[in-house]
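Each of the next two complexes has chain A plus one more chain, namely chain B in the first and chain C in the second.
Now for the complex of A and B:
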């Protein structure tokens, strides 16, 4: 029952977000259709009027149609899993997402797993051994990465390792000369192209996870059950992992799940800087070239992912912490 | 008889910003095999710190500055690493205050038993579980129900009984009980004291009971040590403590406890409050609140023998009578 209630709340939230983005996007001046029609006029030499008709039919959008009926049609489309149409790429948003999402998921989940596990271990270590040199180093590192925007980190990495040292490629997700497929050569190329974006993202986020973990772990260390574990003569390693670690991890789980959700929107700036064809890169294109259809579709995708991640975090939390049960 | 636990001149200090706090000040005491020794004192008298020091487990910023703790001939304060780990719980186990969260909230009860056994080299899980079940039954809990429960799913009294069962898992020679029934309701308190008495008889266990509750002491203890401001004021067998107390503070404690039959008005609190343990004045710490205090009390009286097994730290012990006014 409680789970169903959570799911219902998530769906209602998603509905509101969808509605809001629809009206916001529709109320921005939209001459992308005319740009598109003009292109058709030039290519096929038909009249502007015919071109507009054709474009409206393809895009499924009639400016004279009342906004409400457009909205209903859009929601109906969503319900059937249709995210809309991109004017810029003249294809469905679904297709673009299908192409771009795997790259974004690859880059961001790899760096999230890396930054979270490294950060959590570092945080636990500095909480455990209070007075080590590691503590001020991590804190300083966190202050620096916290103050630099991610695109600066990305640019620095790009300039040093791709432009000056030429160790890594400048753009793309893989070498176009390699045929995509489940071959070692292709996988190697993908990993090689992924190194810099993953490094930029991991470098940016590790310290934040470390500090969050340290704060949580220090408060857990003050708990009676830690003292009792020492009194029971348990091994240090067990106290550190099962007693401190497990309890200190709990408050971070929500943050981790939400980070997984919001990564669906991609990292606009990092993907743009590395010319990496993920969701973030397409987002940038859509905004720069006023592709409202694509924008709307990607907004919906991001919102849905964040809401879903939140829901999963809620459900996961009840599994990890036996004291929390979803109230009826 | 040789004492099982021998403590001499133990000093534990906490280094705080405000200064150095002496939580345990030159404490000496002996605990003999098979007896229940009670340490009585108000909160803040240093009982809990003493308990942790006996396990060589004083949390920072606390530090054992000097003194000796020997258990069954072993110098406890010299133990390090695995030897210290093995001493804890296998030789001396501890039951913490009932209000504390002694059990890991994300672990089932059974895993606490298994964890403890495993880290002390008991690898036969079946045997460990069978013994744990027996212990749980001894504290009148249903093993099947309790094993799979998380700590928060048990009541305070049940949790405390789990902790008692857990303390007996490695068949320790001595169990330290730190306010084992405080924060529990009166009925549960009595129930748990009964269980402890029974266990002690069955397992021939030595117990060190830390409490502020004179009625608990009267019911269960063989010998009593009275602590005040980190120091031992008086040590004697339980009858001497209640019928022939020789320290004014002990007399005060007895009179401060409500008696079951007497008038509630007859309860006399000790006037004043315990001294600041940071930079305490020299001499007897009870001096400012004591009706017998004289100029001599500015000198530390030290704990000395006045009769067989009766120790007192007071210059005026000969004048102290049971019904003496405290101030």
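Now for the complex of A and C:
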């Protein structure tokens, strides 16, 4: 029952966001469509009126149609998995998502796993042994990453490692000379191109995880079962990993969804800086070239992904920690 | 001594005590100095440092010197003057955005906390939505659709999706405050809702709101510079975000070694300001939350 309630809240959130974007974006596609129609007039030599008709049919936009029926049609399309049409690429948004999403998922999941595990280990270390040099170093590191927007971290990495040292490529997700496939050469190229974007996210997020883990671990250390574990004469290592580490990690699970959301939001800037052809890069193209269809589709996708991530984290958390019941 | 002068003196003492705690907290004091420097730069800087926007190609990408403390940009303009004049723009946008954001958050949080019931449920669902959906893409869509042209509308767009966290915190503080005895007492005395809100509730959450004001300003700078960096709102050539956009995308200054000073200047300015805001906010937190003081 409680699970159903969570799912219902997620759906309501998604519905609300969908409605909001529809009405925010709806008023504007006029000029963009005109540009597209003009292009058709020039290439096929038909009249502007016919071109406009054609474009509207392709885009699924009719100015004479009542707003409500436009909206219903849009929602119906989304329910069927149709994200809309891109004017710029002259293809469905689904096709673009199909190309771009794997890259974003690859970068974000790798960075999330890396920053979470490095951060959790560091946090555990400074909670376990206070008053080491590691503590002030991590506090300083956290202040620096807290003050540096992720896109500036990315720019600095780009300037140092791609432009000046030329260790890593300036753009792309893999070397175009390598044929995509399940070959070692292709995987190597993908990893090589992914290093800088992954490094930017990981550098930016690790310190926050370390501090969160430290806070959580310190409170766990005060629990009776830690004392009991010492009294039973368990090995230090076992207490640190099994007793403190595992329990301290629990509250951080919900943080994973929040981190995923902010990384997904930041991907527009990061992927643009590294010219990395993921969702964020296409989002920027849509915004820069005023491709409202693409923008709307990608925004919906982003929102849906983040809402889903939150739902999963919520359910996972209650599953992992029996003390938290999905009550009410 | 009159009551007024005693009151004035005790107020002065409070300020002095606050300052002392800040002064003793090294990090907070450094943050305070950084923020003060930026404030001065934004307010009086433009009168002291003249900005010459004319292009002199012979003087492009000069390294730092006495004449040009931060070198020159891709058409020979003084980078330091650009940063100084940009600071006014960046800070005023962030200040306005924080003002709007705090306003929305206070309104939503207080109404939800005081009203309860269905109003509370609806407002919290809305707050939850704002917190769940990442704000940068939302601001991007708004900035694209509404074609921002001035600082005021940019500040509005920056605050539209930034109030969630504070609204939720204000609501929970109100929920706990309204059960306290002094609020009960005010109610029994029949002091009315406006009095309770303005004289009893607001002063109690103000310290918390003041700290958050700084954090929100910091986030507003990150977001506004990010939007400008993408080139969506090109209304001011000296804005740090616009400088970054020009340095990385338009002029290609980051690709040549001589252009590095120019490209790094806005980045360092942003990082310094953010660091100042963080340090000062942490310090304020310790001043206003005696429990945190060690």
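Basically, the second predicted complex is superposed on the first by the 315 of 328 C-alpha atoms of A that agree within 3 Å, B and C clash if a C-alpha of one lies under 4 Å from a C-alpha of the other, contacts with A are read in each partner's own complex, and residues count from 1 in each chain.
Keep in mind that, in the parts below, a contact is a pair of C-beta atoms (placed from the backbone, for glycine too) under 8 Å apart; a residue touches a chain by one contact, two chains touch by 3 or more.
Note that this is a predicted model, so its numbers are computed, not measured.
Partners chain B and chain C fit side by side in the overlay (superposition on chain A).
In the superposition on chain A, no contact is made by A:92 with either chain B or chain C. When both complexes are overlaid on chain A, the residue A:243 reaches chain B alone and has no touch with chain C.
After overlaying the two complexes on the shared chain, residue contacts for A:225 are found with chain B alone; chain C is out of touch. When both complexes are overlaid on chain A, the residue A:264 reaches chain C alone and has no touch with chain B. Looking at the superposition, the partner that touches the larger set of chain A residues, chain B or chain C, turns out to be C.
Residue contacts after overlaying the shared chain place A:321 against chain B, while chain C stays out of touching range. In the superposed pair of complexes, A:235 makes contact with chain B only, with no contact to chain C. Seen from the C-alpha centre of chain A, the directions to the centres of chain B and chain C diverge by 80°, a value given as a multiple of 10 for the model superposed on chain A. When the shared chain is aligned, chain C comes close enough to touch A:13, but chain B does not.
Of the two partner chains placed around the shared chain by superposition, chain C is the only one that A:156 touches, whereas chain B remains out of contact. Once both structures are fitted on chain A, no C-alpha atom of chain B lies closer than 9 Å to one of chain C. Those residues of chain C that touch chain A in the complex are listed here as 125-126, 128-129, 132-138, 140-142, 144-145, 218, 222, 225-226, 229-232, 244, 248, 254-255, 257, 260, 263, 267, 270-272, 274-275, 277-279. On chain A, the positions that touch chain C within their shared complex are 9, 12-13, 16-17, 21, 24-25, 27-28, 143-144, 146-149, 151-152, 155-156, 158-159, 163-164, 261-262, 264-266, 268-269, 272-273, 283-284, 287-288, 290, 292, 295, 299, 302-303, 306-307, 310. Across the complex, chain B is touched by residues 223-225, 227-235, 238, 242-243, 246-247, 250, 320-323 of chain A.
Against chain A, in their complex, chain B makes its touches with residues 52, 55, 57, 59, 85-90, 93-94, 96, 100-107, 115-116, 119-120, 150, 152-153, 166.
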